[in-house]
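Here's the structure we're looking at; comments come further down.
Chain nomenclature is as follows: A, B, C, D, E, F, G and H, assigned in order of appearance, with residue numbering initiated at 1 for each chain independently.
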Amino acid sequence: MAMAQEQKKKKNLKTIREWCKGCGICVAFCPVKVLKLEDEKVKVIDYDKCTRCGLCELRCPDLAIYLEEDQNE
Amino acid sequence: MAMAQEQKKKKNLKTIREWCKGCGICVAFCPVKVLKLEDEKVKVIDYDKCTRCGLCELRCPDLAIYLEEDQNE
Amino acid sequence: MSKQTEIRLGGSGGQGLILGGIILAEAAILEDKNAVQAQSYGPEARGGASKAEVIISDGDIDYPKVQKADVFLALTQKACDKYLPDLKMNGLLILDDKIELNPTAYENFKVVKVPIIKTAVEDLKKGMVANIVAMAVIQQLTQVISKESLEAAVLKRVPKGTEELNKKALVAGYELVKK
Amino acid sequence: MSKQTEIRLGGSGGQGLILGGIILAEAAILEDKNAVQAQSYGPEARGGASKAEVIISDGDIDYPKVQKADVFLALTQKACDKYLPDLKMNGLLILDDKIELNPTAYENFKVVKVPIIKTAVEDLKKGMVANIVAMAVIQQLTQVISKESLEAAVLKRVPKGTEELNKKALVAGYELVKK
Amino acid sequence: MSLGSPVVKEYFRSDRLPHIWCPGCGHGVIMRGIAVAIDNLKLDKNKVCIVSGIGCSSRAAGYMDFNTLHTAHGRALAFATGVKLANPELEVIVVTGDGDCTAIGGNHFIHAARRNIDITTILFNNKIYGMTGGQSSPATPQTEKGTTAPYGTVDPDFDICKLATGAGSSYVARSTAYHANQLIKYIEKGIENKGFSLIEAISGCPTYYGRKNKKGSAVDLMNYYKDYALDIKAAEKLPEDKKAGKFLVGEFHNETRPEYVSEYMKLVEKVQKERSENE
Amino acid sequence: MSLGSPVVKEYFRSDRLPHIWCPGCGHGVIMRGIAVAIDNLKLDKNKVCIVSGIGCSSRAAGYMDFNTLHTAHGRALAFATGVKLANPELEVIVVTGDGDCTAIGGNHFIHAARRNIDITTILFNNKIYGMTGGQSSPATPQTEKGTTAPYGTVDPDFDICKLATGAGSSYVARSTAYHANQLIKYIEKGIENKGFSLIEAISGCPTYYGRKNKKGSAVDLMNYYKDYALDIKAAEKLPEDKKAGKFLVGEFHNETRPEYVSEYMKLVEKVQKERSENE
Amino acid sequence: MSKKVVKLMQGNEACVEGALAAGLQFYAGYPITPSTEIAEICSEKLPLVGGKFIQMEDEIAGMAATIGGSLAGLKSMTATSGPGFSLKQENIGYAAMAQIPCVVVDVMRAGPSTGLPTAPSQGDVMQAKWGTHGDHPTITLTPNSVREAFDLTVRAFNLAEKYRTPVFLLMDEVIGHLRERIEIPSPGEYEVFDRIKPIPNDKNYKAYAVKEGEIVPRMAAFGDGFSYHVTGLVYDEFGFPKTDTDVAENLLNHLMGKIENNVDDIITYEETQTEDAELLIIAYGGVARAAAKAVKECREQGLKVGLFRPITLWPFPEKRVNQLTQKSKKVLVVEMNLGQYVIPVHRVKEPDSKVFHYGKVNGEPIAPDEIIKKIKEAY
Amino acid sequence: MSKKVVKLMQGNEACVEGALAAGLQFYAGYPITPSTEIAEICSEKLPLVGGKFIQMEDEIAGMAATIGGSLAGLKSMTATSGPGFSLKQENIGYAAMAQIPCVVVDVMRAGPSTGLPTAPSQGDVMQAKWGTHGDHPTITLTPNSVREAFDLTVRAFNLAEKYRTPVFLLMDEVIGHLRERIEIPSPGEYEVFDRIKPIPNDKNYKAYAVKEGEIVPRMAAFGDGFSYHVTGLVYDEFGFPKTDTDVAENLLNHLMGKIENNVDDIITYEETQTEDAELLIIAYGGVARAAAKAVKECREQGLKVGLFRPITLWPFPEKRVNQLTQKSKKVLVVEMNLGQYVIPVHRVKEPDSKVFHYGKVNGEPIAPDEIIKKIKEAY
């Protein structure tokens, strides 16, 4: 799934609040620390700094955070 | 069970006719070929040549041939 | 017929209500009453609504499950919605203050709303002890067991080192009712 | 009632009497008769006495096991001793000639002694075919099936390459009776 | 429209999500990894069959949108063997737990490996019986605790990869929920291997294993895998003292040998041909 | 007075002899070997317990004059585990067949090995199900025939010693009925090993295996073992082509590691001590 | 028109022939006396017809793989005897729960435990009904001849496919090992029923919903293009686990109901001179042959004896047994066990009819003379 | 004199306490909901009293090791639930055949198959009697309270040791998981029976011969100095396999007879207001608690209702049930299954009494109100 940086940037980082169980794994392993927990749910605190590396999606046990190509573009 | 030759010689070679099933294993692997089958039962054909090596006893599946110290001596 | 109080505790998996139920039952036994405690197991235990039941009686307890509860304490909306129908007419309904209630419920039941979770989380700084706060509330409102027995039962069950915290939780619970 | 012949074959494990029984039964079927064949399995199969049974009938065969045999063929002393009590009064008793018999047996049964095993071992040089010799003897003495059917049944069952040997065994068996 | 990421939408029954697993349970990571591997390999969804036993891990079958078969405790591989032999076209993947696969299911495991039947087994190893509340399993490390080992487990744990290799598995690899990308690669290779493949995926059970053994939170468990996993290739070059306390990950075995079902199909062909020639 | 050689008189129920096995069956050789090993080690007869499953091989238990337990097919090691743990004083020896131990009993086998429980298992491997009339077993070599493999066995056989080692057995050796003295030595070492020991004893089944696979008489089978057994030490030095068609015998694994029952007894002691200190 | 094939054939062999006639394509099992011939013959014949045979590591796996084979779309069978039947019970319950058609043959030998492995018995009759945990449906057939071993195996498959349930063929060793003349019916002479599949690409397919007017859910094979879920948990009409009380109740009602509501289709039996019988014998399998002979002899002696032979053992033919006991005031149940099938007879008989039992468990089959003796004692 | 210990205790825990009181020294098993607490508590408590706990690889092994432990001389137990009970059946038959004392606990959950793992049920009642192949003896006890879980576990061990047979303790999940006030009896208050061993060095010891006036063969432990043989085959008085018909018959007669001839010792039950009951409820285990309440309420309403609560489920208390149905012309059997215990009731009831059944299998326990409704329908 090698992808050019640019393409990656096009992707949106999404979360599904109802699925997130607040385990904090994504928060702990986000390389640029743009996630945090609030009310036991994940929250993106600095959307722009996110590199779209996908590591949060990779390790989220609840499929609650992910990158998706923007449907509008 | 290392034993001096002499001691060995003292032993008797015995067979139990009712137990022998005539498989011929003892016959085939007796180093000095002193056994044969007769009527599908083992028979010692040359008692004196027997070296009391015990190989027949070792491999007889029916426990039907063995060496035993002479009770009389 | 002997006096029998049937209590149902409803909340979510991690809230320690089963332990709460056990403590209530043990407190009753300390007073030489009869008591049983039951719960629903099931996959719900991991999320969803969970319930614990206690029956306290002066005499024999035939059927050991709560049919129509005399007292129902709910810590979550989900549990409240699910188990409310099984509360007796005019039964005692104890709710965490965050729970919304259909107005007619106020007519059918004796409703008491108290900030149980908030007290645990904010005042005692330990969400964990909400169950103990809740048991204290039940004690105050029902008197089905004495404060002394409750405290003794709590101390028997809670982990070493947390005795003071739990005593505080009890006091906080009593206070909530007095207020 | 339809005619029914119940035959028991007794010998030791390796003597091929089950195959013998199958052949008898198949011969009967070739003649459009009804037939069943049964045997006792069991640890005895490895040594000890073993038996095979055949029932040949013009009509239905209700109970498929031999109760009182019309015909009993024994190849070993052990089998003879074990199964003789189940032979009908005046039944046909066919024995290998080595078998010893209690004198009273001669009064109760029609006894025929023939050197079946010896014939196979010495004349045909194949102990293996004693069962075929035996079936031929039964054919001759009972006529419950025809020679032709027996031969056809034998040829269907024996290993390729042994047809001639087995035919000879049949002939030898027939001869034994004539003698 | 169903919720979730593209992979979730395509390969999951998203109306059955969120799943029932505890917060931070490693099983979700591994389950997702299987879907990603399937996606990467572009398998035909309709031809994928996922078979599981009973356990938290085995619940994965219910969430994934394939032909899914949730069997009895320990029996996944035995059911899967029937499915695969009956329809060799199916890509059969078994999801199982350490208890399911190596305790009650141990016999089916070694025999599937022996046959080298083309089934890919992904073993969610959380070193405990999660579903039943934290009893020790044959994968619980000696001295560690479970509810049936209150003083610490007496018996040593299996080296599952060694066991699989000893039994005859042709592809054997281990990774962790933390090393999810590596894990996905191994799963892909396992699926591609024509034969029996065992991928041991170390999973965290914060609820029971973690709590009983004071291993901390889900994040702590992840960190543990991050810090203590040692690639076997790297390990070869390391001195003993640097390996102490670490556990090995990597590909342990990879061999090409005849696969059971295709051998059986060859036999069918052969006997049918012989028969028609004889007729 | 009872019949037989001194070993037979001492260790067999000679009134139950001759045994039921076929002429030339290798099982008798191995059974005798066990008695000789016990004799050599001067074990207390009353403290020896022989446990077997079901099969021709498993009948051995009935002939030997010890505490003997003839269990259900495949379960010998599970019963034996109970016996041993309940009374650690007993020297527990399991006699089993290739089918009994590695087919239906496979799970108990690998778990006994994992626990390293002090049981010595002597596996009579005749590569077939003898008792039920010659079906192929997990030890039947590929392509060889059984009554359920009329066209030759499709699935490969276990390397049982490799499997035992992979599962954790601390002593693993293989010999044959022909090499009975070597076999006796291995049995002795197995019994002496404090832990789980597996001695694979290759046995000849002339009646089914031999006949089905045209291997000739009992003597032919013995000759085969004589000619084709290759000691692993010797094998190490041989070029590949000299090894072709041969099978390995020898000691495959021998390691000292904690034994299950004594570890358990330590735990009992420890918790009892702690408890009395706390009182 | 094909010529009739007439042969001497063993019961176990006829079972395999019947299975093949019914469309058997998959066999998974583990050998055990006295059922082993079934496996052996399957191993030889299945590849010849493009089917699959696999010897599994044990009976549990044999049952599991049989279910797997059925789910993959093939008609599947396994065979065993007592100890193996015990081991299969957990997965038999799975098949019953998940509604997987398959045929399980149990050639009964003398138990309990290893017992007398080569001796005949009818000791597993109650186990066939109650062997697995929990309430569950059961269909059990038992043949009394080699020909019937053929016919009932065909029927076992048909019932399995029609009712989506495991069907047991219980043979006693007497029949399993008996060689008997058999006229093999040609394909046109017996019905073969195949499971009803969903319409291809049916977007509304719900794996476990029963369509109006049908008996069981239509069954797609894995790979047919319907991704559905199969579980041994209580499940809803999609096949997904649910714990709701009504889902559980509906499912259990469906499982039991599909059998109970169709007993007339499932139950068969044979009667001999029952019309005027003063004493009714109930016997099945090999024992029924001895009973048939006993009845004949008794009739010759002027005793009004009749024979009711259940062919479907389970569900129990209660209506008919009850009717018969309205006339026959004495009932003698004869079986090679210590009293199993006699229990439901007691349950359904008319209050004023008297039930006798003759059971035998010494490893020998029951002979006609023994039955005659018992008849005379009871008469 | 030791002070009474009064506690809140779970049924599963009381079972372990009872077992320890009876002398439990060996536990081998495999965890399964809702029986797991039994294993967990044993794993903690057994080492403290010098006993052994082992978690085996599966239930089959759990049963096997339990038998092994018993043969080595220790009082042994295993516990499980439905699916595991199914798996244990083969070895249960072994224990019955070889006469090995042991206790098998089955905490029943809703089946069949995986079913509803955490929901209560009484679905394994018939399986406890018929689960293994072949005819075999059975003793099954079922408690209705936490205190009785203690008492009956003690009794299960006593019966197992006295009759040399596996004894089942069937608990429904309601009782297994219920926490209840229990007054733990002190050691003097209950009887503990130990198996009878041969006289040390008895030269005439025959492992399986029953001495004059005794019920079962005396049982030496492995290692006691008697080298004897144990097998699951049919065996003679020495324990060696035999295929003779008379040996087989004697053995089976002994196995069944030791139970059947001692039903008065084995069977216990409890009755509430049965003397004048017009309608008799039969209920056991947790359901009997609901029934007791229903009876009280009905009596208050003037309905003459009584309760018969079998404590020994098997052997079936047929004499007493028959007597009761001589008076009570209506019988309502209430159980958490689709009709199991009602079957033998049908068998033994007086011809003119009418049997009703109320069963429930949706995962919920049966409540008093439901029973009252049924009573009124039937009354």
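Rule of thumb we're sticking to: contacts are C-beta pairs under 8 Å (C-beta built on N, C-alpha and C of every residue); 3 or more make two chains touch, one makes a residue touch a chain.
What you see is a predicted model, and the numbers here were worked out from it, not measured in a lab.
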Leftover contact groups, counting everything except chain F: A, C, D, E, G, H | B
Interface with the most contact pairs, given as the two chains involved: G-H
Inter-chain centre distance, chain B versus chain G - centres from mean C-alpha coordinates, in Å: 56
Centroid distance [mean C-alpha coordinates] between chain D and chain A, Å: 86
Centre-of-Cα separation between chain F and chain D, whole angstrom: 43
Inter-chain centre distance, chain C versus chain H - centres from mean C-alpha coordinates, in Å: 36
In chain B, residues with contacts to at least two other chains: none
Residue list for chain C, restricted to those that touch at least two other chains: 42-43
Multi-chain contact sites of chain E, meaning residues that touch two or more partners: 21-22, 54, 72, 103-104, 106-107, 111, 138, 151, 264, 267, 271
Parts of chain E lying in touch with chain G, wherever the complex brings them together: 13, 16, 45-47, 49, 51, 54, 61-62, 65-72, 75, 78-87, 89-90, 107-108, 111, 264, 267-268, 271-272, 275
Of all residues in chain D, those that touch chain G in their complex: 22, 25-26, 28-29, 32-43, 61-65, 67
In the complex with chain A, residue positions of chain E that touch it: 3-8, 12, 17-19, 21-29, 32, 40, 177-178, 180-181, 206, 217-219, 222-223
In the complex, chain H residues that touch chain F: 25-26, 28, 47-48, 50, 52, 54, 56-58, 60-61, 64-74, 76, 90-91, 94, 221-233, 240-241
Complex contacts: residues of chain G adjacent to chain F: 30-33, 36, 39-40, 43-44, 47, 53, 55, 57-59, 83, 113-114
